[in-house]
Amino acid sequence: MSFEIPFGPQHPALEESINFMFEIEEERVVSVKPRLGYVHRGIEKIAESRNYQQLVYLSERICGICSFAHALCYSQAVEQLLGLEVPERARFIRTIVAEMERIQNHYLWLGLTAKEMGFETLFMYAWRDRETIIRMLDMISGKRVHYGMSTIGGVRRDITEPMIKRIEKSLDHLEVRAEYYTKVCTKDPLILRRTVGVGILRPREARALCAVGPTARASGIARDVRADEPYAAYGEVPFRVVTYRGCDVASRTYVRIDEIKESIKIIRYALKNLPEGPIRIKVPTRVPEGEVISRVEAPRGENLHFLKSNGTDKPERWKIRAPTLANLLSLCKMLIGVNLADVPVVIAGIDPCIACAERIAIVDVNMRKLKVWNGEDLWRYANEWYQKRYGR
Amino acid sequence: MEVRQRVVSEEIWTLIQFLFFPGLFFLLFLAFFTEWLDRKIVAKFQNRYGPLHVGPKGILQPIADFIKLLSKEDITPSMADKVPFALVPVLLLAFTITPLFYIPIIGSDALVSFEGDLFIIMFLMSLISLLVFIGGWASTNRFGTVGSIRAGLQMFAYEIPMNLAIIGPAVSARSLSLSKIVEWQLCRFWNLFTQPIGFVILIICLMAHLQIVPFDIPEAESEIVGGWIVEFSGKKLALIRLAKDFEFVLASSLIVSLYLGGPYGPWYISPIVYLAKFFLCVFILSNLRAAFARYRIDHLLVGAWKYLTPLALLQICLVKILGV
Amino acid sequence: MRRSEIRRQLRIRARNIIVQNDRRFFVNIEKKDLKRVIRRLMRMKNYTHLSTITALDTGYNMEVIYHVAFTDALVSVKVQVSKEDPILPSIVEIIPGAALYEREVHDLFGIVFEGNPDLSPLLLPDDWPEDIYPLRKFWSVDKIFSKLGGRR
Amino acid sequence: MAMENELFRNLKQKPVTLQFPYEREEPVEGVRAKVSWNIDKCVGCLLCVRVCPGNAIEILGRGRKAEIKYNIGRCLFCGECVDVCPTKAIYTTKEFELVFNSQREMIIHFKRKKRSGSD
């Protein structure tokens, strides 16, 4: 017996709206059809009517979790167009914030994956510990989610001496916790049962399907923009590209936990060698004509921004490729043959961020059928509906 | 007992016992309290507060939830099989309350007790699993269907080891009455010490029966959106949740009576003893609930048939051979 | 990676290769050479993956850019497509990972990739009108709204 | 079962949850929240309008007579206007719990006091 099961657009295992149509045969997935398009915002179209300074904040809002990676990618693109050299200290601060964001994202991912496995306790613990790093980001930038740190020509806030002390203290705590989660994820028999050998993506397939980020690294492909094409201060900071060869969800877990540890080391190094100097330079509002491509390793994988300017203060075309879109095909590949019970875990495995993947297209797609309703309209509609139903 | 019999007649006294203590009302409040306790303990394990605001420390939260659900709109899907869909919650509640009257709470005598009531309990517990299956199937939701299939499979997995683990104490006590088993334990060791394997198996199987975390496979919120429960709403959901609370009480009480010696002492002490053991069981179940991730259905089936069933059989053989 | 290397491997004229810096190369090619060039790029040393496909409206024409990533560089292959005849050969059979990018470009610019097995809408709704391509310069936000009959 | 120790350790600890309406965490130093105008210092240079990514600031009048309409509903709380203001007329408050019943309430109008005699 085979029947189709819709997975999404609303589903407890999905943080965002995406639809997978599964064909199930005795709880085994036979075919997958993804359907995007539920969270359009038309960012690329909006971008054509905003100036470069405003777009920093728009780029930040492409994604709620890897907001700094997008802002950084965009800022770098504009800096390339302007031919600017960012101050040394700003580059280090960018590295620090980017790595803190990575830690934050990976803890979030760990919690979510645990939740998909039905492991509520680990979910609570991971998110509790994530709070530590969010507080540090809050302290540096003044905000918890959209940090507003990166800007064209540097960063907006400095890291002071007392901040460094507090960050180092929190890093110690986070390192202990990361060790602990390594222990849990490698020892707990139930987690192992749910992750090992689940959602296989062989290196060949990962290469052919252009997987990026931790998804590719868990298949043994050392593909990391930070190492391939050092930006910010990554050229000066020693670090290791974490790869595992398991090709399954377990490896993706280990890659991410090890990346947390690696990020902690990077931050420590960067804090110790933080150069003195200005953090921001003045930039002109008009940007010369040209085309640039900027790449950043976001927590989820490679982020690519293509920016074409036409000499005014507004860009001609701004193309964003977020990591999730690159990993989506690999995800569909992983899902085939997987047990229905493992589907959420596998989907969580690539750390999907749907809003990132489909920032394009045009404002409100339902505009044609639905008007924007205020509370009163809704109330009236509900009443009419009930009267029709109960004949009152 | 003498004094009381003079004040009211025997029939009225029985009625009071059935209705208030240790009957319906007591069980109802015990069920709500158990839910609260379970939620609170799990929250504590997870470093949160749990229910907090309704009543002192949130103790009235389950009752508030129940009343809230009762007042909500009851939706029946147009494609659903209406009669079974409406009957399942009611029957579920009835079948979970009935076995509770066979549980000894005051002294070693239950309200209703006869030779063979253990079979009735086992039978009703099987019926509960079947009802879950029917409920999911009748809702004709795709997730509900998957959930009910899983519920059926899960029943095949845990039913046999569970029944074997329930039979173990009966074999050693040479009686099929729960009260007799409790009485038999009074003058000896608890069955926990003589049949530890059975105890562990019973706890595991009861968790599967209750569908709590490592075995919440038929509900699996993150996989199939609540599974068999998904289409139930309003009053039906309220009844199902109440039935689940009663199931929790039944499970803990079964462990207490079969393996932990049940209540003992004079009539005013024994309920306290019973409750103390009962809460210990709730604590164990809640702790296990917090410490695990969810099994996959095939893992559960393999585990149950490969390990639990042979071990349960071994336990019964040991009981027979050693004569304890 | 150097200009000479790309020139030798791809067998194209040097003036078609624009070197922005030592990590960014833009290669202008003809439509008919697309598959051959992509195939050759894939065989080059240090090839990692196809990063994405960008399309942009240059007025009369449209430009499709294939960003091919190497460990030490990013080669962007540019192809011109006219608006009257927006057809390009698909590269899905060479790089399966390009499927979604091609669908995305098809959605937003109306460029047809011949050989792509599935060009159904990826991002736009199923009942989106055939002739509206949101990211072409002709379709401003207001125009799309008036066409769809909604209000701003 | 790898987490059993951790579970029992947490049993003794106080929960980490903040019971929000009753317990509040002080916002950190330099939090980016609602901004406010010291309208007397404003010279109407339009810089804040230019940098505002959400077009939340509207300016009425010119120069020294300029008045500000600040739409909190569109504000991203980026603080860019605070940084850019040449006369430091804009400052960040620590109000971050912003709830309104209607869209009209979200627009704050900073008016200048009428100076007697000068007009």
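Miscellaneous remarks
In order of appearance the chains are A, B, C and D, and numbering begins at 1 in each one.
Methods note: a contact is a pair of C-beta atoms (placed from the backbone, for glycine too) under 8 Å apart; a residue touches a chain by one contact, two chains touch by 3 or more.
Just so we're clear, the structure is a prediction, and the values are computed from it rather than from any experiment.
Fewest steps needed to get from chain B to chain D, stepping only to touching chains, is 1.
Of all chain pairs in this entry, the one linked by the most C-beta contacts is A-C. Chain D has its Cα centroid 27 Å from the Cα centroid of chain A. Centre-to-centre separation of chain C and chain D, using mean CA positions: 42 Å. We define each chain's centre as the mean of its Cα atoms; on that basis chain B and chain C are separated by 62 Å. Residues of chain A found to touch two or more other chains are 121-122, 125, 128, 188.
Looking at chain C, one finds that none of its residues touch two or more other chains.
Counting partner chains per residue, chain D has residues 1, 3, 7, 16 touching two or more of them. Which chains touch which is summed up as A-B, A-C, A-D, B-D. Chain contact summary for the complex, chain A toward chain D: residues 50-51, 53-58, 61, 121-122, 125, 128, 131, 138-139, 141-143, 146, 148, 156-157, 180, 183-184, 187-189. For chain B in complex with chain A, the residues that touch the partner chain are 42, 45-48, 142-143, 146, 213-214, 216-217, 220-225, 290-299. Taken together, the chain A residues at the contact with chain C in this complex read 35-37, 40, 42, 44-45, 49, 207-212, 223, 228-229, 291-293, 295, 302, 304, 306, 308, 316-317, 319, 321, 325-326, 328-330, 358, 360-368, 371.
For chain C in complex with chain A, the residues that touch the partner chain are 20, 23-24, 26, 48-52, 54, 56-57, 65, 67, 69, 71-72, 74, 76, 95-101, 104, 107-108, 121-125, 128, 134-135, 141, 144-145, 148-151.
The residues of chain B lying in touch with chain D in their complex are 43-49, 52, 287, 290-292.
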